[in-house]
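Below: one structure, written as structure tokens.
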Amino acid sequence: MAQTNMLAMILAGGRGSRLHELTNKVAKPAVSYGGKYRIIDFPLSNCANSGIDVVGVLTQYESVLLNSYVAAGGRWGLDTKDSGVFVLTPREKADSGLDVYRGTADAISQNIDFIDAYDPEYLLILSGDHIYKMNYDKMLRFHKEKGADATIAVRGVPMKEASRFGIMNTDGNGRIIEFEEKPAKPKSNLASMGIYIFTWKTLRKLLVEDMKNPESSHDFGNDIIPKMLGDDKQLWAYEFSGYWKDVGTIDSLWEANMDLLDSDNELNLNDTSWKIYTEDNGIVPQYIASTAKIDEAYINQGAAVGGTVQRSVIFTNCKIAPGAKVVDSVLMPGAIVEEGAVVTRALVAENIRIGKNAKVGDKKSEEILLVAKNVKGED
Amino acid sequence: MANKAFGVINSAANYIRVEGLHDYRPIGAFSFLGRFRVIDFPISNFSNSGINRIHVYLNSRPRSIVEHIGSGRHYNINSKRGNLQLLFTQKNGASSIYNTDINAYIENCEQIERMPQDYVIIAPSYMVYKQDFQKLLDEHVESGTDITILYHKVDQAKEYYRACNVVNLNKQKGVVSLERNMGTAKEKNISMDTYVMSKQLFVDLVRKARRESSAYSLADMIALNCDTLDIRGYQHKGYFAPITSLDDYYRANMELLDYATSMEFFKSDWPFYTKTTDACPTQYFHGAQVVNSMICNAGLIEGTVENSIIGRNVHIGKGAIIKNSIILSYADIADGTYIENAVIDKWVKVKNVKKIVSDSVTPAYVKRSDIL
Amino acid sequence: MAQTNMLAMILAGGRGSRLHELTNKVAKPAVSYGGKYRIIDFPLSNCANSGIDVVGVLTQYESVLLNSYVAAGGRWGLDTKDSGVFVLTPREKADSGLDVYRGTADAISQNIDFIDAYDPEYLLILSGDHIYKMNYDKMLRFHKEKGADATIAVRGVPMKEASRFGIMNTDGNGRIIEFEEKPAKPKSNLASMGIYIFTWKTLRKLLVEDMKNPESSHDFGNDIIPKMLGDDKQLWAYEFSGYWKDVGTIDSLWEANMDLLDSDNELNLNDTSWKIYTEDNGIVPQYIASTAKIDEAYINQGAAVGGTVQRSVIFTNCKIAPGAKVVDSVLMPGAIVEEGAVVTRALVAENIRIGKNAKVGDKKSEEILLVAKNVKGED
Amino acid sequence: MANKAFGVINSAANYIRVEGLHDYRPIGAFSFLGRFRVIDFPISNFSNSGINRIHVYLNSRPRSIVEHIGSGRHYNINSKRGNLQLLFTQKNGASSIYNTDINAYIENCEQIERMPQDYVIIAPSYMVYKQDFQKLLDEHVESGTDITILYHKVDQAKEYYRACNVVNLNKQKGVVSLERNMGTAKEKNISMDTYVMSKQLFVDLVRKARRESSAYSLADMIALNCDTLDIRGYQHKGYFAPITSLDDYYRANMELLDYATSMEFFKSDWPFYTKTTDACPTQYFHGAQVVNSMICNAGLIEGTVENSIIGRNVHIGKGAIIKNSIILSYADIADGTYIENAVIDKWVKVKNVKKIVSDSVTPAYVKRSDIL
């Protein structure tokens, strides 16, 4: 808190059902990405790199893995004396029973006591399921300069796609004058990224009111932001132009992985001045056998490749047997492709085994195949 | 049985010298397989054996090891109950005849005497092997012997292991003598410089050594007491690599390119811990050709790599060919370079030289941070 | 896990209503004790000292403070690569909604997935509200030697009080043959301490059955242990004879604090071979002013004493002004006693201010006074 | 503005020597107020100022500081984004004329040059004070000056501060000269050996020093460049204590027995971090009499303590009287002992000697682990 006086809350509650079986046992933010990471590594590393010390992670769904993953805050250096990553689930209080989070704003409201305990001046609210690198400290400086009550990060989207997003209409200077959720006729192409900085005192008052309002859906987009605009508060749009990807579907998750094969990929995970931190264990380097053939690949330590890999992302501890072939695919941690098997345009889930000579995926398919069950081999 | 012994990790004796690499760091800090440091192996052995009070002796240039070890959390050592304690010996330079393990122990005697454990296990920071020390300790205690020495039976004692000691055993595995390997025969029992004894005997031997000669090592003291003490050998099996020369270092790495050897050594029930650097995965570009190699993370591979070990954050340019070599972290090999049978140290940039090849058995060595 | 292959679960759910206002804002295990500790430091430190690496803390009530307190596992050294302290609250799963823990056994059942993730051979179950030092590794060795399915720690209580406890009746060798909850006519004086070691495989099966049983109250004492005895499982009593105190009431909490004034107190927090670890911040040593008079006291760093202290325990950051008097009392962190005020036979809660010349507590009162609100001064 | 500078914590020059205590550890490792170590103050100043890349230079006997600093987590320094790096200088003994800060910087030049920050703030490990370095840096950058020196105005320069430098200022706070305090006047501006400058100028001065004399210190280089560079003083206010002699050490501790001074120095908005030892509270027995003293945890107090500082795990026996003294950790003072005006080092046992009193201004000193 010393550095920024800003506390971050990550909304990680999503069941992420469009990711199908990948989120059966883990919350969406804990889904694997990029050879060695999990999605939530991105907001957490961004926080650490932006000098934010305390991060709350709000979740109520299958929190065990997410819990034990983020609670080890040391992975992001967030385990010093006054820092920490805390998983916040709904809880029973002296004056209320156990209840689920009713909306994004309610999730924050139910944890006002947690936030108050740190007495921050600013509150940063993030989603747990986007891939991007962003310096929140710069955004905070913008928030202060503008004397804003709330600052919302936005990015320009192609005008013809704008009606799929929450769009911020601003005056000439960047002050938000209107917010439209999926407008039929968008007036601007500035889409909200779901990243907010609030002056905590102002937000706190609004949340307390909102909790009492039986009409409210307790959501930032539906209730809090419109209310603030109605009250003529200072809301400012902070434009972001770097790499950003919502990985909410199998196709977009696959795509975001494939982006890493691009030699000039904008995300650049190799940039040592803004590292993305994650779990790391002392496994051996990747082993590329005499029989291997690799052409365009992104491979993590612990993987063993004996077969052919083309345009694919291979995670920790994957094994690709001699004679196997992996093309245009993503193999999540521990996936095994046996001899003679061929994987094409597929996303293979953790620890899945593709048996001998099995063929999965289709080169011509428009959609990416999710393989979440072992595939039997053929002789 | 846990916690009856504390661990001691010793640094290399003054006569051990690995050409090149040794100029920049102690052997314990050498990069191993591109990802580990040599000292990760003894520390992990202790940690996995449930021995969590460990003294690590550091001599010259301690910075890299101090940074690498840090608080020891990555070695799974509870920072409250256990302790990885770094002990410095500074009075003499690394190659001084006074730089002996005994003098290091004398300098830190207060710390040794404060340890509450009854036994001590001493292991070297410059050898790579896997050993369950708890099992070794249990056997030592059960046999009632004074000192147990870990040894490894080798059949290349003429070519290698020349800076090591040899253990001569009688039929009952009693140690008859301990002496330098003179390369007189192919088959020898190489001492792994790993000893189990009671803390009391350890302190006694250290004190006695001090009275007899300022240049004595613990191994000397044990050798001198083969007659009077009950000293027994305990045979180690599996991968074993003393890093006592550039040849030995090179060979130790290369041996693990054999997949079966590697899988036998790196097993999930006996993890070797190391410090993470948060390096991203390695990118293979169109045109890259890699076979029979270990590649570390954050690499950018555009050229050809054969039978080699490539460290972290290494760039291999287009058309470059790397054969039978070890390239350490942050090296940058320009397009079209040919490297064979070489050890390239950290931060090297090969820009203008087009060919680095050693024609002898000993690999070529390129110095840290050199620009060629 | 390497060392013991045993995972610990601390049942910290208690609202602890007999501790009145002390548990209004914190769960009972987070209540202060002994000048600088919180109650849960004892089971957690015992775990760390016994070589247990992974501890789950089960709670559903006011978990914010408890959560941020225990999540910083570094306090007990439990933050190495494979260790950790995890707060486990009820959560929504793929196949079930959010529901409170229905009993002690249900709390474990709802977290079977967490336990399975570590694949332990043994499970240690602890209460979060007892003050004691115990080597669980010794108890585990006993469990193994006996080939037990369950081992229950017991301690001898005076026979005439035995009917207030859960009593274990054993055969001559220590094998439990009968369990009686608060028996009118106790047959033995071995009271259960609420500390169990189970062979996990055996317990797991029983829990799965128990969850399906609509008759069950899902409690270890009521359901699981009787069921095991009925099935003729190996249940063994492990006798413990050291200091042990249930601090469930204001009187017993006060007493447990007062025990520390005893120069030969059995708990001996000064024993460096079995330290109790807790939060510690870089505050100054205790300052004893020229005007102070101290006679029998247990005082923590950060306290400043200007007045008189007799037979009292003074926590971190307490201030006792010159001319104030504290007798037979416990002052919790940050309590302030102003000039001329007198505190007698009282337990003063955190950050409470006793105003100038105020008198609280009564030397002759049988019960200890809990002071949980500021007391106004008098001129 | 955060993170534009990196920090350097320097060890004491070869001519600084604190009698007694200094034989066992560097000044940075001295116990302060029984609870802190002197180096906690500069590190906390950096951490609280948002400067999280810090180089700590260690010379002889680094063990205690290495152990105390560990991973730096207790100083609130993010281990991923920030870094408390320990740098060793070993070529020369602590009192050698070659043991200068310049030689230490030269030995670690690679590390310095790799820092991405534009500025450096250099602070000593042997002075206790509170300073917001970010504010100092901002002012330095804004003023466009070459070097900013932190100084403290004192009125006892004749008796104390004899191992310090004096800053002579002109009306514009420009530094006219920097020279050793010769005790020629009561009032002096004492240099706090704390400098802000650009990394580039720092490296230039170090290189230049090397060319001119092997015995030059950074302070010497600054003194020599008072004419050519724009050097300004920045006045520090509040508690300030250079620990450069036993007298200074004693006085620095005793001054904080004044409650008002102490409260002004230790404020919750500027915490000083230290490593916890998990010591339990202190027990006062029937018959104990304690006034105007600072008492650390895990004490067992049976006797009388007046105007003194009592470290951790100290036992004061029945009828013992401690006056105007500093008793360091783990000391055991037997029943009936009388100690006045003394500094008792760690692990001392006073068993047989009944009286320890110094009649001069300089306190008596009892050596570490002595049994009296």
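Just so it is clear, A, B, C and D label the chains in written order, and each chain counts residues from 1 on its own.
Criterion: a contact is a pair of C-beta atoms (placed from the backbone, for glycine too) under 8 Å apart; a residue touches a chain by one contact, two chains touch by 3 or more.
Bear in mind that the values here come from a model prediction, so they are computed numbers and not experimental data.
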| item | value |
| --- | --- |
| Comparison of C-D and A-D (more C-beta pairs in contact) | C-D |
| Greatest separation from chain C - chain, by CA centre | B |
| Whole-Å gap between the CA centroids of chain A and chain D | 45 |
| Interchain centroid distance [CA atoms averaged], chain B/chain D, Å | 38 |
| Residues of chain C whose C-beta touches two or more other chains | 74, 79, 81, 275, 277, 281 |
| Interface hub residues of chain D, defined as touching at least two other chains | 73-74, 79-80, 273, 278 |
| Contacting residues of chain A [partner chain B, same complex] | 34-36, 74, 260-261, 263, 269-270, 275-278, 280-292, 294-301, 304, 309, 313-314 |
| Contact set on chain D toward chain A in their complex | 2-3, 47-48, 50, 72-82, 116, 273 |
| Parts of chain A lying in touch with chain C, wherever the complex brings them together | 24-25, 59-65, 67-68, 71-74, 79, 81, 84-94, 98-100, 111, 113-114, 117, 281 |
| Residues of chain B defined as touching chain D within the complex | 60-63, 66-67, 70-71, 73, 79-80, 85-88, 90, 108, 110, 278, 369 |
| Residue ranges of chain C touching chain B (in the complex, touch as defined) | 2-3, 48-49, 51, 53, 74, 76-83, 137, 273, 275, 277 |
